[in-house]
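What follows is a single structure, and I will ask about it in a moment.
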Amino acid sequence: MLDLRQVTKTYRVGAFGGERLHAVRGVDLAVAPGEVVSLIGESGSGKSTIGKMVLRLIAPSAGAITFEGRDVAAVRGHRATKEYYRRVQGVFQDPFSCFNPVFTADRVFGLIRAEYHRSASAAAWRARVEEALATVRLDPAQVMGKYPHQLSGGQLQRLLIARALLLDIRMLVADEIISMLDASTRIDVLNLLGDLKARGLGILFITHDLSLGNYISDTAVILRRGRVVEKGPTGEVFAAPAHPYTRRLLSSVPQLHTTWEQADAALRAGGERACPGCARGGQPGAHGPVELAPGHHVGCFTAQD
Amino acid sequence: MEPDVRAVQAAEGLPAQAGPPERRLGESLHFALRNPKLLIGGGVVGALLLTGLVAPLFVQEGPNVYVGPQAQAPSAQYWLGTTNFGQDVFAQFVFGLRSTFLVGLVGGGIAAVVGMVVGFTAGYRGGLVDEVLNMITNVVLVLPALVVLIIAAAYLQARGIALQGLFIGLTSWPWVARAVRAQTLSLATRDFVDLARLSGRRAHSIVFREIAPNMSSYLFMTFILLFGGAILIAAGLDFIGLGPTEGVSLGLMMHNAVTWGALQLGMWWWFVPPGLGITAIVGSLYIMNVGLDEVFNPKLREL
Amino acid sequence: GCTGGGGGEGEGGYPRAQTLYTTGTQWGPPANWNPIMNWEYTTGTVGYVYEPLFLYDPLAGEYIPWLAESEEWVDEDTYEVTLREGVEWSDGEPLTAQDVVFTYELGRFESVPYSNVWDWLESAEAVDERTARFEFETPRYQEWAYFTYSNPIVPRHLWQDRTEEEVTASANENPVGSGPYLYEDHSEDRQVYRRNPDWWAVEALDMRVAPEYIVDIVNTSNEVTQRLLTQGEVDLSNNFLPGINQTIEGNPTITSYFEEPPYMLAANTAWLVPNTTREPMDDPEFRRALASSIDLQQIVEGPYSNLVEPADPTGLLPAWQDYVDADLVEEHGFSHDPQEAESILAEAGYEDTDGDGFVETPDGDPIDLTLIVPSGWSDWMEAARIISENAQAVGINVTEEFPDQAALTDQRAAGEFDLVINNERQLSNTPWTYYDYMFRLPVQDSQNTVNFGRYENEELWDLTQELAETPVDDTEAMRATISEIQEIQLQETPIIPLWYNGLWSQYSTQHWGNWPSDAEDAPHYLPTTWRNYNQLGAVLTLTELEPAGR
Amino acid sequence: MRRYLARKILIYALTFFVAVSINWLIPRLMPGDPIRTMLSRGASGDEASMERMRAYYEQTFGLDEPAWQQYLNFWTSLARGDLGISVWLFPQPVTEILLSAVPYTLALLLPATLLSWVAGNRFGAFAARSKWLDNTLLPLGYVLTATPYMWLGILLAWGLGIVAGWFPTAGPYGFGSIPGWNWPFISDLVSHWFLPFASLFLVAFGGWAIGMRNMIIYELEAEYSTYLEALGAPRRLVRRYAFRNAVLPQLTGLAVQLGTIVAGALLTEIVFAYPGLGNLILEALNNRDFFLLQGAFLFIVVGVLIANFIVDVIYVVVDPRTRTQMQGSAA
Amino acid sequence: MSLDVNDLAVYYRTLRGDVRALDGVSFSLADGEIMGLAGESGSGKSTLGKSLIRMDARMRHVAGTVRLDGAELPVADDARMVPFRFHQVSLVPQYAMSALNPTRRIGRMVRELVRSRGVDYAGVHPELLRRLELVGLDEQVLRRYPIELSGGMKQRVVMVVSTLLNPSLLIADEVTSALDVSTQRAVAEALAGFRDRGFVKSMVFVTHDLALVHQIADTIMVMYAGRPAEKASSRTIIEAPRHPYTRMLISSLPEVGVTFAGKRLQGIPGRPPGLLDPPPGCRFRDRCPLAFDKCAEQPPFAEVAPGHWAACWKAE
């Protein structure tokens, strides 16, 4: 459904924009209906940039993004853009910053109505909103007419998802939607994503928290400095991380039942720096994705950084 | 002459909004009613404004009409005395207040509008648009405004107060543009802006309906400073004889008093009220502004 | 001891008791000392440094031989002037008839202000060292007399090699003249002269100028001048200082020519100029109605607090009182009379047909006139307000407007105005200058100096030319011509005299005494430093001054 | 750093170009003919000779050429440092007129600006967060900034000059003084300078004091201040740090305000008959002296630009944040 | 017993009344103990941290005492606290990223700070260098401006500076929340290292990430709505929590390996009560599956097992 091919984004930075910053480099990935793809990586690895490119908030410097067979770059003009957003929506990291603090939270629905459902009668619209709220398990009485600060992060995040559901979306970009939430509310939101996936939505789930990526996603994509270093079915990637970077990342994740020492020990045992990609004939430090197992690729770019 | 930019720069540290409107309003009101700076400043400005609005209604003849004896000290009949020609200084003062407020309103308003449009556009659009607007801003900033105004003032064959305000407005916006741009830049990174785009909003409505409301208190304070600044600039122009050629303003009164020898003749009643009026209006506006800052900004509130 | 004003008494300063401080002429830094550029030479360049052949004393109505000892019309077209003996330039060279001839020959350059003399002058030659002879095509006696006292003589030996540009566009630093003062110093805000010890008049006329130094201070504003005057830093101020009447009354050290209103001598007439090419100002009846509507007394007492006097209906200055034909004025003159104004209007068919309180033209067109005066000229602005009020009171819709001065000059020159106030022409030796100003023909696209109202009356212009060619000493003939002019003028009222602008002049007696005044025993000269007024005898004021306390 | 400066210089150059071009244009759009204005001051009333002189001087000033040619001429002579001849003060070269006026303007402007900035900042920092000072002395600051320059000037002139008689109120030095390097003259010079300086200083002082007060309050609330306080640093240190950081925006403020301060100086000069640019500009305007007007304007623009540039450079030196931004990205 | 907090109550003054951000908090901290302080946002963790070193103008000490190394800490008195700060109690603030004066070189700032506290800088300089090295920074950083450092570097600089005078108690508030996993780990381990080397005696490590705190803390105290819910050794808290809140919290944490498809985790329904006017009794009552009548009464924070405190009637 969503396809990224060799997508690259370069920012000009510095005085006169003289320097180039490669935020995303030659990323390939695909999201199918009913699939959750998690993008995982350190801060600055280009995750949000990819998400924003998919949402057309920024334009790729090179490469193509296609959605349902149509090139996203070809979507031009206000009307076409609106149509695109009818299908593809996003939810962002900080629920508090997603709401305009001077308006009530349900204004996000109002905006959708003003742009997409002008003709809907008030009653029909209300019904529609309530249905969406029900989907995200929110009580309309509790959230309508309230200001963002009066709602919890989890509620706000769910409002945002409900907002996306008001449209006929096929694809959701969820950019770190749970990192700002308390542990106890986090899981609710994740579960909600799971439900949506069951409804056939494709989800691009962006996170730096590996355990969360693992919980919800079907495919994991590990990003490092704008490049995909490992990509594969989530279970496989987490169980048998191939790229040293993935392994190191995993070992740093604080886990309830494993101490860091134990993780380190496990890492050492697994052969710390060996890259199975190189072992399979990739040029050490410079090879692109090498398929290890069906759908499990590893890339090694250390030499090019 | 120019608004106290610094107060606004300080306010840039202001968290874009300190809570939602209904609570903010309530709270702001609470603090507003307890803020002596705001109360005193607002009170003085309000009183003068009211005088300027209402008192002229009770003045029978125009401010320039020769109604009484010449050069008379304040008396029960002529509260502020009369000019060399027998014009009622009080009548001139109240009409002058009116036009002084008008200049402030027009000048401040136009500067605010231009500054905001430029600032919003530069901040939101970024890129080349930003560069070009920045350049324009810089040019206007270094052009010595008063000199340009002098030239512009001379260019106009007949000058009204509103026109004067217009010209002042057109030269005093750059710092607003800069400040608004900075604010917009930071607000534009907020996710709700992206969300509005995802909702199919067009750029201008994002700027004016999403970003601007978040800066409302800031914009209001900016306007107040511009208002005061415009009054001072106008007074400067009036003083060197490039003021409006019709009507009265406090600056013009000052100019007339000086050219007609009010100082030598000891006619303080002609000379002091307009100067004091300007100082009082502008000073109170500034004080009010600091008060507002304290009200809007929770960090500065004192309990 | 910071009051500084007089400066250090001893070292590093001009001694106060021997220095005269003047102000009121120079509005910008001294920029040139070129007597030919008569619109902007530094105060005193002519009079203090360069001198004319004659002075004309308008108060006495007589010519005073100055560099010249005598003059003579040898025949109708030939004029001879004889110089004094022993007059020297300040560099020691003798001043001769060649210098005089050279000065007029300079007029061959078109850019020299008096170049028009060659329109009717045929030749100039030095007969001998002291005698110059001029042959005329048309002897315009009145104008020639004007030239003999207003144009200063320049030294040929220093100027003969100068190009046109050097003559008319050079600063002429270090001026070498023949007059009572020598250039001493200048800075941005002052010009200093020192007394010329070898001035010819000391011997020839037993005359000496009293101040050793003259410091002329650049004006910035009336307000500053008033301060300086009050503080005794300025001895003579030639500024219009509103309210100075009260100061004169209240401050014994500040005086002026008269002790009572109008305090000042008259220097020129302020006119209300109607644009006679426009309706309804082309109608003499309308102009007359307008003239009658104006309450001059209100202007005189209001903005001017009696510092000026209302003008005579002929507009001639008090100095020309002799030329005013009283009978004619009695018969045709006008004065403030609203009823009269209204009835003139009614008779001429100006009626308020649409009921807006203002009359329309006989054709029924609404009248909506604008009176312009330069913005910033506050006395005139106030006067304009009064005139509009007066006119409106009789039903003539006049509103005042205050454009920028330069803009006004443009409009005035192009004839794009309804009504304007103007006082271009100054006091001079002959009323001819006034009639020239009023009636000059032909009217051109751009009227820059005269006849702004574009009034076309061949008869008056012929009479004016006749006057120009009347010898200056033939006062009978002059009077006759002038009466003829006045007869038409008073009936036509092409231009409405308003008031006499004063020769603004107030002086402090703290340091200098024996100022001109109308008192019997006081000098009767023009107490001014204005440009071109030294030739009217203002320089003589300096010879009469006495240090105070003596 | 070099890149940054290069960029700044480019911006300044463009600004300069635009500003000066605007200035070239504006007077020419104004109604009024400079030559006629000049000649009409003269006594000669003869229409014909007047016309001839007008043609002559128009040519002398090059005003008879087409506008684009005049514009080109303007830039070429500017490149030669030639600002033309003044119409009003004919035939003085504009450069000369300006050179004799600028020292006076600078003598007022520089000390008044710098001292008021320094003193205002100190005072504002001192008053901040002291309830007593804040409520008593700062209103004074507000009143000072709100005072029209010329009004304060005139009040001072009358109060301290005329009434008290402590200071002379007009001119750069006594009208009877002869310039020279001697004490009487120098003290004379200073006593004339003092009142205009003081009135400029006071107005600006009030502004800076208030600005500083407002800025420093924010700085004292900033997290680095909180951290220092949490570690028990004495108030003195905390304030010193806050002051330093608060001064930086004040520095930008200085650049932004320069145009205004210059305007104030011009007004003050008029009040005190100080022979700086103020009166020159006003009279040049009244006389439609394009050349002098352009020259004065050029001086001011160049001055403001230079001052801005200095501020920019100082800013870069004292605020490390700008430096890293210039290098493109944070470490 | 290095720190002993007894029934501490600190309120925020607001327009609409007091926010009871800390309401009867008692616990103690042994020498060498790192106590993790966990809990939802708004539960009062930072307030507790601030109370121990410097209350801001809005905070009001209502009740309770704090003793450090046997001496009473005058927490309510800003001036009298000064001698204790830095020397005895120190802080790595939540806002470590912006805790350094942006316009001072770090070295100079440290020097001035140390001197202002009456300590000879030359004496501590070598130690400063040693500790910087310890956290992986070289001497160069002292010559840098804060903006020239990355977030993690700044975080570590602040840690070193705050502990330079070997305080007895260090409060580290959310020092790792803004960092990504690998930096987070480095910083957390460095802090533990400081304790091991005796730079600080004991530490309160505030975070909302239980998994992280468990890695380095000896004990964990879980707070809920301004009150301590449970305190025990890290292991106990993770493996055998007694308070229903702690239990629910831990069971809602996904771990690597747990998936949505495999095992659907459950969050805690409801929201914590507002602290402006909190209901009487157990504050978790509304959300607690075990709640019963007695919960209308505030359960004491009682020692339910040796070294294990819980505030729940059903904790036994």
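Labels A, B, C, D and E are assigned to the chains in the order they are written; within every chain, residues are numbered from 1.
Following the convention adopted for this analysis, a residue touches a chain if its C-beta (ideal position, glycine included) is under 8 Å from a C-beta of that chain, and two chains touch if they have at least 3 such contacts.
These figures come from a predicted structure and were not determined experimentally.
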B-C or D-E - the one linked by more C-beta pairs in contact: D-E
From subunit E, the most remote chain by mean C-alpha position: C
Where subunit C and subunit D are represented by their mean Cα positions, the distance between them in whole Å: 39
Gap in Å, rounded to a whole number, between the CA centres of subunit E and subunit A: 32
Length of the line joining the C-alpha centres of subunit A and subunit D, rounded to whole Å: 55
Subunit C and subunit E: spacing of chain centres that average the CA atoms, whole Å: 92
Interface hub residues of subunit B, defined as touching at least two other chains: 154-155, 157, 258, 263
For subunit C, residues that touch 2 or more chains besides their own: 221, 223, 227, 230, 403-404, 406-407
Overlap residues in subunit D, where contacts from two or more other chains coincide: 30-31, 154, 222, 270, 286
Residues of subunit E touching subunit A in the complex: 40-41, 179-182, 184-185, 188-189, 208-212, 214-215, 238, 248-250, 252-261, 264-268, 271
Subunit C-touching residues of subunit D, taken from the complex the two chains share: 30-34, 36-54, 56-57, 60, 86, 88-92, 97, 100-101, 104, 154, 157, 161-162, 165-180, 182, 184-185, 187-188, 191-192, 270-273, 275, 279-280, 283, 286-288
For the subunit B and subunit A complex, residues of the former touching the latter: 16-17, 19-23, 190-192, 194-202, 210, 213-214, 216
Residues on subunit C engaged by subunit B in the complex (per definition of touch): 221-223, 226-227, 230, 241-244, 246-247, 298, 302-303, 305, 375-376, 378, 382, 385-386, 401-404, 406-407
Residues of subunit B touching subunit D in the complex: 1-2, 4-7, 9-11, 13, 36, 135, 138-139, 141-148, 150-152, 154-155, 157, 174-175, 178, 228, 232-233, 235-236, 239-240, 251, 254, 258, 263, 275, 278-287, 290, 293, 299-300
